[in-house]
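Next come the structures, one after another.
Here subunit A shows up in two complexes: once beside subunit B, once beside subunit C.
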Partner chain A sequence: MVEAAAFYILAALILGFGALVITAKSTVHSVLFLVADFLCVAALYVTLQAQFLAVIQVMVYAGGIVVLYLFVVMLVNLKRPPEAHSDPRRRGRLGFVMAVAVLAELVAIFAVGWAKPATAAGALSPNNVEQIGRALYTDYLIPFELASILLLVAMIGAIILAKREL
Partner chain B sequence: MVETAIVPLIMIVIVLVAVLVTVMYIVLLERKVQAWVQVRLGPMRVGPHGTLQPLADVLKLFVKEDITPARADKWVFTAAPIIVLVPALIAFAVIPFGRDLTLFGITIPGRIADVNVGLLYIISVASIGIYGIILGGWASNSKYPLLASLRSSAQLISYEIAVTMTLVTVIMLAGTLSMVGIVDAQLSKGWWFGFMQPVAFFIYFIGGLAETNRAPFDLPEAEQELVAGFHTEYSGMRFAFYFLAEYANMIVVSSVATTLFLGGWLAPFPNVAWLSFLGFVPGWAWFMLKTFGFLYVFLWVRATLPRYRYDQLMRLGWKWLIPLAILNVVVTGLLKVLV
Partner chain C sequence: MITTTHYMVLSAALFTLGVIGVLTRRNIIIVFMSIELMLNAANINLIAFSQQMQNAIGQVFAVFVIVVAAAEAAVGLGIILAFYRNKETVNIDEMSLLRW
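Moving on to the complex of A and B:
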């Protein structure tokens, strides 16, 4: 009962903040609503008893990635670009068509049954970190190593793009 | 009912009041310590030897005029001091202050909450606190605060990496992320982790100085003596929040250092049996003693060392502390496997 209430309140907050992200007039406000969004997602993880994932969400996403977004947004200081087309409602109409297409796709995925919610395995043990660690280093070792190579490539790419001279 | 709801509530109130009073008196202590180092006396007028000075400061900040710059972003301008203060205060929720007491049949735990990822919780709320600094500078709609806030937050996120690496070595030694578990691990191993991990302690201390914008890493703040820092446009209570948050962050860093490296609420030499009479001093007294010792070193360093230039600061963080911290993790891992 409490979990259901918590889920619905958090879901409403997440969707609300998400809507505010795309409709905010100032880009910095957009980014701040994104932070609030991520904090609510972390709260959702806590209701699912994945506390490690929740603090990692806050630490990495809200506290690391979005901080760097905010740097870029504040320094670049974009204004809304002037409309490229003469019909101002074109964007709204295109957006509506795309939204309907995505919704149809989602309904189709659930109807065919490709995305089934996983059977709940009962309460997670409090040893979140140990479970995740074991899974990462045994079952999911190769994806883990590949992800770290991906990050290394991204880092080298960023350094090469941003360097003055090597 | 009493144990799950009322005891934590009372503890929260006690901890918050204690932290706020401590912050006020740390400000006074800093002025006094700097004064004595500089062979003068510091505040002496208000109260005996200036001990009521913090009350005068608080009163002054309350009644000052609250100025908002003309084209500042009002919502963000108001929210930034709150965003920087709240994480500094909620980090105290997982710090273990002492042993569990049992009064009148009710167990009073030695901390507000025992989260199984307590240490990561503290790191994550600290990274949220950075927003208050960035937004404070940006919302002031003024060039110098913006640049100062960007410098300060860049410094913070750089030293956060080195600090987190040192915490990783402590986690490796303790085998758990829970703060209570880390103190218990020090009790069971019989050694404070500061002795087992001196390099990590050293790096944590330097990183802690940089994380709280304290000397010798206080160029983003000291700019306000030269030009302006990120809180230049804030006045009255808003500035008080920033001030409070900085000193509360100092206390958080000291408390975490005490818990992780100095044995938390344990007496010195917990492995030596004939010194167990030291256990008669309550745990929270040892905790406060160690935290204040650490804080005193912060104040001492501020009074002693000259300030780093910004590029020297960043070079120190990225080229020296992070490789050293990573090397420490590797060596600790090797020793754990081989020894």
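Moving on to the complex of A and C:
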């Protein structure tokens, strides 16, 4: 009962803040709604027994990525509103219809392709940080190292792109 | 009783919000934030299945998704800054240098 209430409240908050992110007039407001959305998603992870992911979500998304977005919004001080100019060839309504088509497609996948839920393979302990760490450093060691190389390349690329002159 | 289907429906709705943002907004910073929303929707799905299957591998993949999101945000925002320095705009309708 408590679980259901928590899920519905969090789902409503996530979707509400998500809708505010894409409809807010000011970009700064949009970024702040994005922080609230990420925090609600982190709370949802806790209800799904993924405490480690919840902490990572708060630290990386709400703490790191959003600060990056805020810096860029502050650096890009626009003299005219960013949405002032609209290409006459732009098809805004068509874009909306395409997005609704994506939703219809997802609903169709739920309705048609619903298989029997797979049975649980192992046991997920309540403190599953150890399980995640073990999987990362044994079976998924090479993807883990590749992720670190990806972050290194992204860091160097971002510095080179954003630096005024090298 | 909250089943995995509930989480999948939530994830699909959040993903669709992201798609609407990408396809209808003209401010590229908001387009990037919509992409982050879609990556979050994928993460919710991965973690819901991780809980259903009682297997930690789904959470491992969610960690990788977060890594890719961080890399994408860093490089993407660098590109936005470099473009803004040249053209003084963040409107994607005016980013047509490569169009013929």
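Just so we're on the same page, the second predicted complex is superposed on the first by the 126 of 166 C-alpha atoms of A that agree within 3 Å, B and C clash if a C-alpha of one lies under 4 Å from a C-alpha of the other, contacts with A are read in each partner's own complex, and residues count from 1 in each chain.
Here is the rule we go by: a contact is a pair of C-beta atoms (placed from the backbone, for glycine too) under 8 Å apart; a residue touches a chain by one contact, two chains touch by 3 or more.
Predicted, not measured: the structure shown is a model, and the values here were computed from it.
By the touch criterion defined above, A:147 reaches subunit C but does not reach subunit B. With both structures placed on the common chain, the touch criterion links A:15 to subunit C but leaves subunit B unconnected.
Set side by side, subunit B and subunit C differ in how many residues of subunit A they touch, and the one touching more is C.
Looking at the shared chain after the overlay, A:67 reaches subunit B, while subunit C stays out of its contact range.
Touch criterion not met for A:137: it reaches neither subunit B nor subunit C.
Of the two partner chains placed around the shared chain by superposition, subunit C is the only one that A:155 touches, whereas subunit B remains out of contact. Contacts of A:26 after superposition: subunit B is touched, whereas subunit C is not reached. Judged by the touch definition given at the top, the superposed model places A:76 against subunit C, while subunit B stays out of reach.
Of the two partner chains placed by superposition, only subunit C is touched by A:45; subunit B is not. Note: residues 52, 56, 64, 71, 75, 128 of subunit A belong to the subunit B contact set and to the subunit C contact set alike, using the contact criterion stated above.
Taken in their complex, subunit B has these residues touching subunit A: 73, 75-76, 115-117, 120-121, 123-128, 130-131, 134-135, 138, 146, 150, 153-154, 157, 177. The touching residues of subunit A, when paired with subunit C in their complex, are 3-4, 7, 11, 14-15, 18-19, 21-22, 27, 30-31, 34, 37-38, 41, 44-45, 48-50, 52-53, 56-57, 60-61, 64-65, 68-69, 71-73, 75-76, 78-79, 82-87, 90, 92, 95-96, 98-100, 102-103, 106-107, 110, 117-118, 120-124, 128, 131-132, 135-136, 139-140, 143, 147, 150-151, 153-155, 157-162, 164. Listing the residues of subunit A that touch subunit B in their complex gives 26, 28-29, 32, 35, 39, 51-52, 55-56, 58-59, 62-64, 67, 70-71, 74-75, 126-129. Interface residues of subunit C facing subunit A in the complex, by the touch rule stated above, are 1-2, 4-10, 12-21, 23-27, 29-30, 32-34, 36-37, 40, 43-44, 47-48, 50-57, 59-60, 62-64, 66-75, 77-82, 84-85, 88-91, 93-94, 96.
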